[in-house]
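There are two complexes below, and they share subunit A, which is joined by subunit B in the first and by subunit C in the second.
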Partner chain A sequence: MTTLAWWLIRAQFLSRRTATALSMLAIALGVSLGYAIHLINDAALADFSRAMKSVQGEPDAIIVPRDSAGHVPLALIDEIAGDESVALVAPVIETRVRLGRVPTAVKLIGIDVFSAALLMPTLLPREGAATSGGIFDGGLYASPSLLDDQGLRVGAGATVIRGESRWETHIAGDLPAMAAGEALLVADIAWVQAHFGPREGVGELRVRLMPGSHAEAWRAVWAKRLPPGLDIRAAADNAARISNISRAYRVNLNVLAMVALLTGAFLVFATQLTAVAQRSTQFALLGVLGLPPRMRLLQVLFEGLAIGLPGSALGLLLGYGMAVGFTRVMGGDLGGGFFAASTPTIAPELLPGLGFFILGCGASLMGALYPAWLNRIQPLAQALKTGFAQRPPGQASPAIHGRRLMLLAVAAAIPLLISLPAIDDLPLAGYAAIALVLVLGIAAAPVATNLAFGAMARAALPAPLRIAVQNVLQAPLMAQVAASGLIVSFALTVSMVTMVASFRTALDQWLDAVLPAPHYMRSKGLPLPAELLAAIERPDAPFARIERMATGSLSLDPRRPPAALLVREIDRADPGARLPFTGAVQAAPEGRITVWVSEALQEVHGLRTGQALHLPLLGRDVEVHIGGVWRDYARQFGAVVMSTGDYRALGGRFEVTDLALWPRPGSEDAARRWLATEAARHGIESAESGDIRRISLSIFDKSFAVTYALEAAAMLIGLFGLAVTLAASVWLRARELATLSALGFDRAMLARAVVFEGALIALVGLALGLAAGIAVGAILTHVVNPQAFHWRMPLHVPWNQVLPIALATLAAGMLASRFAARQATRLPAAQVLAGAQ
Partner chain B sequence: MRRRSFLLAPLLLPGLAAAKAVTPYASARRGTQLVFPRDHGGHAEFRTEWWYVTGALDLPERDIGFQLTFFRIRSGSAETLDSPFAPTQILFAHAAVTLPGGRLLHAERAARVNLGAAFSATDCDVHIGAWRMQRTGADEHIRLRALDPGFAFDLHLTPTQPLLLQGENGWSQKGARPELASHYVSWPQLRVEGQLTLDKTHRAANGSAWFDHEWSSEVLGEAGVGWDWVGINLDDGGALMAFRIRDTSGATVYAHASLRDAAGQVTRFGPQEVGFTPLRHWQSPRNGARYPVHMEIRVGPHTLRTTPAIDDQEIITRRPLPVSYWEGLVRLDGALRGRGYLELTGYSGRMAL
Partner chain C sequence: MLSIVGLSKRHPGALRPLFSELRFAIGTGEVVALVGESGVGKSTLLNCIAGLELADAGEIRVGPDALDMLRLDETARAALRATRIGFVFQAFHVLPTLTVAQNIAIPLLLSGVTPAEHPARIESLLLRVGLAGFGPRWPATLSGGELQRVAIARALVHRPALILADEPTGNLDPRTADEVLTVLLERVRDQHAGALIVTHSQHVAQCCDRILTLTPDGLE
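Here is the complex of A and B:
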């Protein structure tokens, strides 16, 4: 029995080399893409966690202020250190500074050597490195990478600058345990505090508990006792936050992997269905000889698995290769810019690899399921006489009836699925809805064919065309098979194009709204130099209007990345002049702190305009009024805008980080020169709104480049699928064609009939693909993206891209059917007719 | 005499040698009148200070030794830095328990003042996290708390005798030069009650202890490499303290002893009247150092012998650099009998300054 199975599989592979190879390739593509995304992201995360651990150690708890202007007070440090379960407290101040004139900001970590020695030994300076006074005397220590990059010399003087604060010190030594590529400075925590604050405490407190302590319980107890401005976290929360950062981006890449896998499954379906049809006589003969129906079912499944196994294995190899190649060339960043600095090592593990392998095999088995069932129920006697029966007798009406019911059920499930919320921030229901739309599209093919060509069949047409129409009408299953690949691949192409175009159009309009000024200046995360801020206000500066902004961060949920706090010179009475609101704006009530929250923040925390919100601000818990919700495509984790007046009223220090500048009319060139000089002098960024706009859009286009490549691959696979099935269906009808030929049809007429049939099938496929594609595009735009990124945008179908792709596909489909026609009509009619007897 | 801290300090604080010249450390002056409880508190202007308790328990088992020491060091760094936790005052603590017939358990902590550690300037109250030595209450008892995964103790020390001011009214000379001196206060024969935790089992404890508090800015001459010291609670209620400072050849540079008898009569012995003679050495398997754990001590007319509770009472601290010394419970026999602590330093090679 096994021998027979092997023999059949081999024969199948040999006789349908192209189709089998394509199915394998599609499965491999899906598996490799998914696996590569997983490997790259995993490696980038591991790399990030490693770097984090070396800088942070592995504390049992981390106590941090919830907003960037807060601090951990000294009294609390003593209280926590005195807890009997605490073995060690390690206070840390982390800030970003510039070294002299070098424009790039560098991380400066203020440590206490006594605690750092136990918790964060990689941050310790080289022993005996001090040439003139050690770390307690205010020496600065630089990681080897930083020393190299900035050409620093141990013993040389150094000016550390942050906003208005300057610290004149010297490079006392290096940090020997710091990994290559890590650029940071270390100094004693008191020296950092004295120069850059916070005034009455430290930035962060890391806690190591006594061995055997119950860390989670301890954290829970302290979470209740902490003042409102502080959060307590597990070190693992940081990993979760990091994973959250890249999650939304991975969601979209995973959609692409799913696309490829589904295409593979449909190719397997098409290949196996034609294989079953073509071998119906052989199977019938084997059946008569004693092969049980169960074995006929299993055989087709085996064949599906025989495609899936090597395809998945190849996919794993390809995925590994892609991941290694990608990280070598591009580093660990998947295009979202979240891991831009990392160069991780790809380390495949058994379990995820196995998971993707099973996924690939599962896809091919799924594709083989229906053909296998059809093969099982073939009536032997009839198959021996007349070949493959698409509708086994007695099955016909219930099958059709059942199918209609199934279609209705599927259609009804879609709106239900898209109304479900994300699970663990993953739009799983949205994915399921996409898969259902595709299933629906394919299953609707026979119905659509009947509707479209039923009328046409009654019309007076030239004989070849009428034959083609009749063929498509009479053999809906083969038409469905041929169209399925096309439906899936075209639907996915249309959906991705639609999603990307919607996003791009929305981004374009949004950029108009958020870049009102001609010029912008900023110094990444650092306050701007006091000198510059003074210079810009002098009467000789060529500016008519200046708007200042200070950026900070605040954490509403310790498990999520912090939201941005933007303190802006904005008119409380008319915030709409500067923010693109998504709905109504409520007037800011007198005497109440008013904020305008971004859409992402609104979605994540379920906020409403007009409601009160508690925000961690300046180390306190402050109740604010939500004046409105605005659209923000720049900050995925949410942003809160507050006026400078309100921030100052709370007692905050307005440390300007960004400037928007309007030149005086007539002095545009002078302004440009002025800004270039000042930007170079202070080592900060200056850009015109046009440049920012161009760069933003080009980053957007680049990050979706991989999408376009995959769409092309999907279309190609879909077209091959069409060609393969058409060729098979023509081959099945060889006797019929030979009869027509005997009746006086010449080759050209026959070819025309087949090409027309191909065009009809392609039309059905394209029409259904378009419909399904727009539906999937809408799900991606309105469900998957908002759930993953919390960004909303209007749907925009780019007809100028969709229609040319459709036309090109139609042309390619007709070309493929011409090829199939030539193959089928090459045999002499007499031989075919004789052989069929 | 807890001078190991002087050896520790330059190792821990690389800037100290340079800073020393400019830091206005106070010096121990002859004739200074000590006032209590003020002088139980910290003396931040001095370079080094320690509060040190050693003792022997009779419950839960006889001859369990314990010690808890807090060191304060004025680093000489960041003196003018405007920060509440400028690294000017650093605290270290060592805690140890000697189990008879068993081994020595020890632990250490280090922190700067205001980052999880602090000391009082008005009375004995010093802590690093949950480790604490604090004098409280009407009966002037001292509470000791130290905890570690391996052991923990929470003990109350109640005075049974008055303070013992070492040297001249608490001014204790350490070398031939008059600048080499400290302020040194002892409190022998403290009654101990409380709790000792071993292997997570709490057990009631009692016994007797010895408290030392000493502060100074310069005591170690150029010649000294290490020292031998004993502080013994005598069985008859008396108290004996003796030390000598050794040079590279092992010869005595300076020595001193004081003996208070049960009636409270104090006798002091000068360098010529005090002698230390090794009787037996124990070699450390960890660093090869040979410690004279069995010592003959001559104090005036008395000839005494120390016998260690266990041989291996070597302490190796690692924070942030390794320092090794022997500090352990001993039994004193001969003309005087009692229990107390012997300290032997500078035996694991000369410590580079």
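Here is the complex of A and C:
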């Protein structure tokens, strides 16, 4: 039996090389995308964890301030050190500085060398041979990567700058245990504190407990005892947090990979269905000769598997290659901004690889399942005589009213699903609604065909068009399959184009609102040099207006990444002049600290305008009033804006990190020159608003480039499905066409009938695909994006893109029909009518 | 080799049965022609005997162990066809994607004959149907007469008890039809099988040992 199965598989592949190869490639594409995403993300997470572990060590608890201006008080360090369960405490101050005029910010870690030796041995410094004085004398120790990247030399002098603070010191040695790729400086904690603060405490406290202590219980006890401005965490929390925040993004990418895999399954379906149809006589003969019904089913499944096995294996190879290539070009970031600095090493993984391999084979088997079942139930005697039965006895399609009821039920479930919240931050119900929209589109095809062409069938039509209309109205299996392929592929294309266009239009409008000044300057989160801030206010500086901003961070939920704190020179009475609010703005009440929160923060924490909110600010818990919610596409994890007046009133130090600058009228060129000179002098960034807009949109376009490739692949697969199924349909109707030929249809008329048929099927497919695509686009825009990424935007259907794609698809569909028509006119009518096969 | 008792069949929705209470038998080495007007049910009777359609009542016993086709499930009927019955069709039905030898090997594979026996059996049959050396050739390179000889070889290769042939010479010119018929009858008798040949040809019918005529009133 296996010999026969192998003969048939080989014969099938040899006679349908193109279709088989394309099906394999489609499966390979889906597997490779999924596997590559997994490998890149896994390697990036491992890389991140490794790097964090090397800096952080493996403490049992980490005590950190909840906002960037907070600190761990010295008194608390003593208290914790005195706890009998504590074996060791390691205070740390971590800050970002610049070395001289080098524009890149560098991490500087201040350590207590004795505790670090036990808890964070990779941070231990090594004295340089030619240097005098060690870590206690104020020497800096650079990681090997930093020495290489910035051309630093052990023994050389170094100027460490942060805002107004400046520290003249020297590179006293290196950090031999630090892994490659980690660029950082280490110094004694007392020196770092003396130059950059905080004066009254440390930035972080790492705790090692006595052997046998229960770390989780200890953390729980101390979580209740800590002052409100502090959090206590386990060492693994940071890695888990990074994994969690990138999860929605990964799931979204994996859904795209699964869509690619499903299109592969559709291609296997179309290929196997036509293969079964065209070999129905052969299968019937084998059945008559004694091939058991189970084997007729299994044979088609084997053939599906024979596509899936090499397709999946190729997919794994391609996926590994893609992951390696991608990380070499783009680093470990998948475009989501979570691991932007990481360049991990990709290694093939056996178990996930096996999982994706099984998934690829499963998709292929799924595609072959219905054709296999149809093959199993073909009536042998009839199939041997008249070929493939598109509707075998007892398998009549459901009555039209039954179909309508089913459509209504599916349609009713969609609003229900999109009203459901995200599950564990994943828009699972939204994805299910998308699947139902596609099912609805496919199931509506016969009803839509009747509505569209029912009246046409009663009108006086030229003979070829009448034949085409009649055939489409009867909705044979092949016509349904061809239409389904187009519906799904066009719907996916329209939805992607709509989602991307909606996002891009919203981003464009948002950039208008958030970039009111012609020029901007920033220092990547570091305070701007005091010298620059003084220079910019001198009367000879060519600026009419300057707005300053300081950035920091605060944590509302330790399981999530911190939100940005933006302290701005903003008019409390008119914040709408600077922030793009999404709804009503409440006037700031006198005497109360007012903040304006970003949409992401509102969604994650369920905030609303007018409510009171407790924020960790300056190391304490502060009650603030929410004055409004504004749209922010730049900070996915949320942002809080506060006026400089309020921040100062709380006792905060306003350390300017960003500047918005308006040149004096007529001084635009002078302002440009001034900014270029100062930016170079201080090693900071300066850009015009037009450049920021152009770069932002270019980054957006690049990150969505992969969707265009998927759209093109989906459309090609849909068109290929149309061509294959139409060709099979013509083959199955050989006798009908031969009869028409005998009755006087010439070749041109036969060809026109088949091309009309293809065009009518394509029209139905495109119309339903368009409707389903806009619906899916709306779900992506209004449900999936807000739930997964907290981005909201108005729906914008780009008709200038959708209509040309539809027309091009219609034209391509008619071309595909020409291919089928050519086959139809080549059939030897006399031979077909004689029944010889 | 074949025993039919009380066989009846009515198509769903038909007013009267296509045939009822049919009774006949075919012995070892006996070749029987089944004739009758179009639509009288000859092909349906053949399908019922092969287990491709189910009769409403009666018994169809095939082969030396006389298994009743009507009492078997679909898989068992397929197994019975694979081991006890050979088929020859008007339209040849030789698989175009397999070589001549592979086509003939199909019943051997389905009936579980050990692979070591295949080459000898195939070569021997090809020799006896006048196609020696044709094993590696593709069906597309063969004439109609040659294709039907391949079909005959395929029908006999697993040494079935019964051959069912539906218009085996219907697609052939008279001279080729004569040659093919001679080969078929000789080989059936060689192998001591029984055969039921559905035909419209008087000449074919005359060459058989016995003629059964199916009419709306039954067998004559």
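A few notes on this one:
We take it that the second predicted complex is superposed on the first by the 708 of 837 C-alpha atoms of A that agree within 3 Å, B and C clash if a C-alpha of one lies under 4 Å from a C-alpha of the other, contacts with A are read in each partner's own complex, and residues count from 1 in each chain.
Rule of thumb we're sticking to: a contact is a pair of C-beta atoms (placed from the backbone, for glycine too) under 8 Å apart; a residue touches a chain by one contact, two chains touch by 3 or more.
These numbers come from a predicted model, not from an experiment.
Contacts of A:Asp508 after superposition on the shared chain: neither subunit B nor subunit C is touched.
Of the two partner chains, subunit B is the only one touched by A:Gly212; subunit C is not. Within the superposed three-chain model, A:Glu58 lies out of touch with both subunit B and subunit C [touch as defined at top]. Within the superposed three-chain model, A:Glu84 lies in touch with subunit B and out of touch with subunit C [touch as defined at top].
Looking at the shared chain after the overlay, A:Leu14 reaches subunit C, while subunit B stays out of its contact range.
Of the two partner chains, subunit C is the only one that A:Leu289 touches; subunit B does not reach it.
Touch criterion not met for A:Glu531: it reaches neither subunit B nor subunit C. Looking at the superposition, the partner that touches the larger set of subunit A residues, subunit B or subunit C, turns out to be B. Subunit A residues in contact with subunit B (one complex) as well as with subunit C (other complex) do not exist.
Here subunit A touches subunit C in the complex through residues 1, 3-4, 7-8, 11-12, 14-15, 281-282, 285-294, 380-381, 384, 835-837, going by the rule given at the top. Within the complex formed with subunit B, the residues of subunit A that make contact are 74, 77-78, 80-84, 86-89, 91, 112-115, 117-118, 124, 127-128, 130, 132-134, 136-138, 188-191, 193-194, 200, 202, 210-212. Of all residues in subunit B, only 13-15, 18-19, 75, 77-78, 81-87, 90, 110-112, 114-118, 127-130, 147-149, 319-321 touch subunit A in the complex they form. Within the complex formed with subunit A, the subunit C residues making contact are 43, 47, 50, 52-53, 74-75, 78-83, 85, 87, 89, 91, 93, 95, 97-98, 102, 105-107, 109-111, 115, 154, 171.
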